[in-house]
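Each structure below appears as structure tokens.
After this come two complexes, each holding subunit A, first together with subunit B and then together with subunit C.
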Partner chain A sequence: MSEEPMSSAAGAVLAIEDLRTHFHTRDGVVKAVDGVDLEVSAGTTLCVVGESGCGKSMMARSVLGLIEPPGRVQSGAIWWQPDRGREGTNLATLDPHGERLRRVRGAEIGMVFQEPIAALSPMYTVGAQLVEAIRLHTDLSMGEAKDRAIAELTRVGIPRPEKRFDAYPFQLSGGMCQRVMIAIALCCDPALLIADEPTTALDVTTQARILDLLGELQEQTGMAVMFITHDMGVVAEIADEVAVMYLGRIVERACVDDIFASPAHPYTQALLESIPSIDGHRKSRLAAIEGLVPHPSDRPAGCPFHPRCRAALPGLCDVEMPDRHQLGPDRLAACHLYAPSVRENGPLATGRAEPVEAVSPTRPGSAVPRKKPGSVPGQAPGPRETTTADVDSDVRADADVEPLLTVRDVRVHFPVKHGLLRRAAWEVKAVAGVSLEIMPGETLGLVGESGCGKSTLGRAIVRALEPTEGAIWYRDGETGPVDLARLRGRELQPYRGKVRMIFQDPFGSLNPRKTLLQIIGEPLRRLPDGVRPDSSLPDRVAEMLRAVGLRPEYMWRYPHAFSGGERQRINIARALITQPRLVIADEAVSALDVSIRAQILNLLGDLQAEMDLTYLFISHDLSVVQHVCDRVAVMHLGSIVEQAGTDRLFAEPRHPYTAALLSAVPVPDPRRRGGDGRIRLDGELPDSSDPPAGCGFHVRCPYRREERCMSEVPSLVSASGDHGVACHHADELDLQRPSSAEPRARVSTGRDDGLVPSAER
Partner chain B sequence: MTQPHLARHSASPWRLVWWRFRRHRLAMAGAVVLAVAYLVALFAEFVAPYSTEHQQVDHGGAPPQTVKVVDTSSGGWDWGLYVNGYTDHVDEETLEITYEVDHEQRIPLRFFAEGEPYKLFGLFETDRHLIGPADPDGPPVFFLGATVNGYDLFSRIVHGSRVSLTIGLVGVAASFLIGVVLGGISGYFGGWVDTAIQRLIEFFMSIPTLPLWLGLAAAVPTDWGPMQRYFTITVILSVIAWTDLARVVRGRFMALREEDFVTATALDGVGRPRLIFAHMLPSFTSHLIASATLAIPAMILAETALSFLGLGLRAPAVSWGTLLEEAQNFATLEAAPWLLLPGAAVVVIVLSFNFVGDGLRDAADPYKS
Partner chain C sequence: MGKYVLRRIAYMAPTMFAISVVSFVIIQLPPGDYLTQLASGLRERGEPADQAYLDALSARYGLDEPMPVQYLQWMKGILFHGDFGMSFEWNQPVSALLADTLPFTIALTLGTLLFTWIVAFPIGIYSAVRQYSLGDYVATTVGFIGLAIPNFLLALVLVYLSRMLFGGSFVGVFSSEYAHAPWSVGRFLDLLSHLWIPVIVLGTAGTAGLIRILRANLLDELRRPYVVAGRARGMGERRLLIRYPLRIALNPFVSTIGWVLPMLVSGEVVVGTVLALPTTGPLLLGALRSQDMYLAGSIILIVSVLTVIGTLLSDLVLAWLDPRVRHQYR
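Moving on to the complex of A and B:
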């Protein structure tokens, strides 16, 4: 298959040749990995990217012999040569349970998994687990191993390692556990570290610090790193080499700059385009990749990507598997577009995927989508194409319009029961006094790390739980203002249909025992002025299914027949069938792959325009928030610390926490990698059952000054216009976004210039 | 992760459970055995050659007879079901009767044989039995031997299956009802209701089971008829057995309460009773059925144990437990080891229930693969 010579394997510690890992199931052979060639060289980081289901993890597990029956490595070689002077070993031929491979695992190749807390045993202290790993592969005594373990914990940046040595995994935060996992993986100085989505489950601030740590450790030890991720931002941050994987095959390999500057394979291009870039243009449609990753057992004939590919050549791509074509030194792409015969005949005009040199090298990711807004069939470019300035003026000009929802000093406290009599011993103040206004027709973003109380606030607004204090005024013009916080039981019924919620988990939020008709139709049957069961219920459901891009005949099916993205469409249909005014989208796209996420974001945008919806968009993903929201509120420890129009907030954060959050977001542009002016937060989000006195952020704040921060709680003060910030020193701080000169010039157009003098600086 | 195949798309959850259950071979075998056993219990009078009262005193302790299909003793091939008769010897000193198979004597059998008249389901008067001696007035047959008192063991096991197989069902149904209601209330409402019910469960669980049974069973008046006794024993058994089920239900409810789809349904304006019974309960009924299936064998064993100890049902009621009671005596056992055969029936049924329960448990959640 690989007719061209592989790139020089001189420095490679790991060389995978034509690896095939197949699962022999009852329903046939599933080719999870189907012909992968890769090398990882000492001292470099290879990022393997692709959507879920593309076989990235299976490839990594094959290297370590961790494939469980019915799967097995069918063919291919995995050459492992950590020591230049010694002969390499073919790991694929070793007994998966044998002595040799066990020594390779752990001692020579370390592995870090996605769920740090699940990967550590809750029954042993982290120290005991670390000592065990050390003693398995060395001859150290118990005492020596303990000293070594503490040294390792220090190395991965765990404060007070002597104390943490005796902690159990559940006593540590996710970030700390991931550090422990890294310490275990690195305790025997492996020549290669395989990291399988190690930061996906972590907050963006924690992710940034884990990525920094991996970079530092790599510099110290000179190890090779194979980093598996689906996040292009992370790739840009840490990769040297990139391998893009689709359905068990590597479709493109290049160095990181080439991948981002001139992606060659249509899949790589599409992946990059579907990211809402943090500096990208707001509210434009994202270029979503059509369809889904098919299951490996239904692999399409020919090029596996052709059904989703914009540049597919009929008669060629759906018939013949493309060869790998060398596009330059260390650059490969498996696509017919680069076959000499195709290039000569020049059918490239049909597709957008053009050869390397033709792709705009300036702004990868965000430059392309506007060219082809309607890449999802059946979804015409909607009226979302308004420019930034228009949106801002819309919102601000209607200053006399009454807000749809006014949240006044809402608190949600959860009692923590303790002791024999289950008395409330103390309270977790999940939401500690939040005030917000949501204007009709706008999208308000609510961001913050996990545990900051943003979801709790959302649930209090839809009254899935009862606020402890405060008022939630709802007015929609039909009735006078109503305080939703005071309504009980049946009194809430009229508002259940007007304020709806879209949930995060596309799997847990749909009852598996009900058909779509029952799920989507339920609110209509239950809520006042909904339809009666006998009348047009199926018609209304069919109409709604069509609106969210599903086929009406699906209403007789059960949720198990649908993929994550389709389930999220069902969730949206259920939320919108009552014709609501306000929709709370609680991390509605966080569980989805990038391409699916783009489809859902586009759908939400279209429906907002069509149905005149107002969104409260809760998310931890700042690039998504920046893409869809008109205004953003930043939450930390149950309070809002900053609130402003999206462009203002992203260009000119005034609270140190906002600035830190923004600088932690990996930018999908490798040229902007590096530490110029980045803010890294110390420590984790404080425990909300025992919040620090004064400003909740002062324990982590790099700008903390005097007594005042530690004693006095800052209140949200509107500085200029609608830009509110809760910081004692907001006026004195200079929180320029690092290296944001280029985007700022672009974003602060129109009337922003007049309002924000600092933009001209 | 797996892309469902087309037939799966519109399959209902119960169909998915069935598809998975069908793949569990042992469970399917168990299900077949149980189906046969319950059919036998239903048509006990018809299946058994004799009624429970039919006594052949002169054949007390007769050994099992082998059913033969073809007779080659006379040189030719003489087709037809038959058993050989016995010749008995009475030991002059010990008065012990020993039986020997008499190869000369042939007792022909036939299907739908004429026998004692009975009323099937109390409705249809008939005297036909599935199998029996062709000549109703001829010598009796004992497929599984006779008891010491001269009852046909096969007929008694068949008749006894009625009590033994149904007491499990009735008992589990009763404990199921208590368990689901109390567990559901406990799990959904939580708070002090939960605390109270949990303490109650703990109290019941702390009572040593066997002494409680013994005490309660001993308290049943001796002059009560078999039906009353049967009913009382069932109640006693289910009073003990509901606690486990209640805990399972409570745990499920607690886990489900946190699920997004439950919150979503509440936000759809669904009231509490409908939320509990139409949305939450169906998502674990299959689990409940599985755990109920696994609870039935315990009931059967409990009845057998009680009756064996003479505290459950008593003669003249016939159950596998009362039949085993006769096997208590070591000397009788030595002379007539086939008296343990009701125990074999218990083992087969209990194993079958366990297999079916296992299969159901594995299939109960069709969304995990």
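Moving on to the complex of A and C:
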């Protein structure tokens, strides 16, 4: 029998059997979770991965009875047995509002959510919410509960817990709030922690520290963890077991090493291929999964993945639901490729996908031709007919090519009003003196944590903001150099079409009351030689829609009809309709799922080649930056701390901050988990209204020295060739092996904001 | 918090000034003044106006001074002597007329506000928590009817109904036997038996609006992640509702003062007239008709100032209740 009997394995604290959670809506039944079998064992971490809309969260919420009407757990069992000695309970049969399930929630199973700030009520201090959680499940008095709460805050690494106890959630950063959420979830020592995308909304450095914290806490308490994520890098970092979910079902289950070494299900393979890996080939096309996750209400017949599957067998996959096939001990895949009949008859001989035994070290399928997701009919002529893959970081070394944009010592300060008369009491120096050059045709990456001023700089360049000081020289060969920073009002209009911006939030950045024709056509009307609404506008919008891979007839629709990925295409179309030279992509793919992200990145690459575009690519995601950028500038606290060609920067970072950012990126390879050379930054980005004296990074820098760092501001020095670094001691640091160069002990810093106390413990 | 209060009070000064100027302009707006009105009235009755008498009146009330001087005199009287000027029509100081009507008006307004809150609060919560239940539909329907019926019509219907059902007249404030009696328990009960009609009439529209607002706000809050998070840590439904979403959904209740007060004041003009209440509303109407502009301007001024103060109070209570307001506008 290929069907695996899902007996609850020894040691499993949670065993889900054939769980089905359905939503009974007016338009029919939506099967969000449709037959999930899972086990989580004590002391281990199970990662549930899949794109958005695959039912991961609904599955997790079903465990705690948190499904809201019109949804309900239709059938299946959720066996909960935290204590070997006691008999297990079927949580699925308990009343969702009942006392028994309420005691399980919080006391036996803790849960952490995606948006840490939104998951805490703004009306109460974090301390009050933590005390409440403690007192729900214990008999402690108010005072005892407060002591316990402060101990919990200390345990999750919150500095000065007595003070933070009285802070409101909106006064803390996202990372701090997530620590509070973890403290609330763990305050009653649950046997299982369900973490629903707990780090997705966080910066990469914060994410790394939260993952470390979860690992440490798991070691201390021996709890089981069910971790939901769409990020394969995170999976590689923390998982013991992996369950891949697609449209309400588990399509593959295996231990983490097997998943990464030899993914069996085509969906798992596709997910792994769509990650822009730090080791991957730069500027090559990403293997995006075609299309979107369909809505659960129009689940395809047969195998739900077959319309997007490159190995789909016609006549089988689109008709019959695949069984689960046992591929080894604790290894399952729900795919027809592993059915004995298919294996014998050998449609696999065509080499479209390989069963698990035959998987070679290089992943299968990359040679399979596929449709380009954003393929464009007709080639736009351009002077530079090079493909993006050819553009190397060395292109810009040509001395006679003038930069398209030269940013000289730009500062953007925001006044903070204070006191009875609202005078500007001090300034937030969001951008504190940045100089940059962007060469025509290149992609310059701008990376840093949130709050470092990278978006402000981008907005100053498109002149959505007025820089406080400095010059932004723009030269495109048609006109002489123009200082955009000096232009006002109408004088800027000619340049509004040449320097454009793509925004992060695909939902907030499109006016819901306008059609695509109005949205995309609007920038044209604003130009001095603007197109009149009657004439060729619809034609140009149609052409642009085609270029970004959308159908021209969509121009009459409104944004709500489109998914996040499609809206980002609309955003791109709006940015490119004026035929700009420079496009500023501000976190343009950060809000997107991994497969959609790959599609959009491919589209941006294609359009760059076709339209001869220059990109300033602002992102906190280093793997994406490495994939698309020719050069990278690293920003910290309003200044550029390091700047170099992408390969160089990623191979030999010279600033400790760059090295720390790089080591915070989860590597999608479980074998390199917890590897040497990790740097974890102490604390969070300092307050830019009160920057530390000397090097802005010194309060967080593990290599801080007494001389110079605390008193003297380092300037960006080009050490060799194009590699600039703003660090007093860059030449002496050996950042490739920091663990051997310096002990991992954290340096205690002058500011205790956000210190990670794990070192002290 | 102290600074916030001080700043908000300081912000009130220019608003108050603007209100006083506008009130004064309203006083001066109609062509002519009380004297021309008086003169034409005399002429109509066939008595030729005595120009010397008119001039004497004009000099006495400063009507021949330039506008800014008149304004300053008016304000000086109000601020330093509580003197709002003379009502020409009643031939009494305006302050005396106001002393008769204003306390009752304020009591009626506050009573209506309380009624609005007490009725809207449970119904709004019920409507949101049991969205699309029968009770929600009933509350919604009744609410829309309440919003749609004009005040004066409701007043007439209620007066008619009360007369049919209970007998006796419920128009006015007191029954005839208590009209001039000294205060006693009986007089107070008599007052309450008359007060319910204007309170319901004035409060219906506000109540209906508030139910809709509370329902919409609470529905928004009920779907927030922190509610699910509270449930996930094992909180009971009732406690969760009261402690978390309701706390935020309370904000519009406090803000109501800002918009319900002016609505009550303007609604009260019509209702007060229909029900023959001794409030400022009918007084204002009469004053506007007879161009008794000192009386009219004074009422407008006082009502506007009270509204500004009410709004200030609601903002301060909001800051006290909501830490986001408190900490963001320090």
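Here are a few things to note about the model shown:
Just so we're on the same page, the second predicted complex is superposed on the first by the 687 of 761 C-alpha atoms of A that agree within 3 Å, B and C clash if a C-alpha of one lies under 4 Å from a C-alpha of the other, contacts with A are read in each partner's own complex, and residues count from 1 in each chain.
Methods note: a contact is a pair of C-beta atoms (placed from the backbone, for glycine too) under 8 Å apart; a residue touches a chain by one contact, two chains touch by 3 or more.
Note that the coordinates shown come from a computational prediction; the quantities given were computed from them, not determined experimentally.
By the touch criterion stated above, A:L120 is placed in contact with subunit C alone, subunit B being left untouched.
When both complexes are overlaid on chain A, the residue A:A561 reaches subunit B alone and has no touch with subunit C.
Legend: residue contacts after superposition of the two complexes on their common chain; A:R103 is shown touching subunit C, with no touch to subunit B.
By the touch criterion defined above, A:M111 lies against subunit C but remains apart from subunit B after alignment on the C-alpha atoms of chain A.
By the document's definition of touching, neither partner reaches A:Q220: not subunit B, not subunit C.
Of the two partner chains, subunit C is the only one that A:H137 touches; subunit B does not reach it.
Contact with neither subunit B nor subunit C is seen for A:S715 once the two complexes are overlaid on the shared chain. Interface of subunit A with subunit B (complex): residues 27, 53, 294-295, 297-298, 422, 459, 462-464, 493, 496-497, 500-501, 503-505, 508-514, 522-523, 526-527, 556-558, 560-561, 563, 571, 574. Contacts from subunit C toward subunit A in the complex involve residues 3, 6-7, 10, 224-226, 228-237, 243-244, 247-248, 322-324, 327, 330.
Those residues of subunit A that touch subunit C in the complex are listed here as 61, 64, 66, 97, 102-107, 110-111, 113-115, 118-125, 132-133, 136-137, 168, 170-171, 181, 184-185, 418-420.
The residues of subunit B lying in touch with subunit A in their complex are 1-5, 8-13, 16, 195, 259-261, 263-271, 279, 282-283, 366-367.
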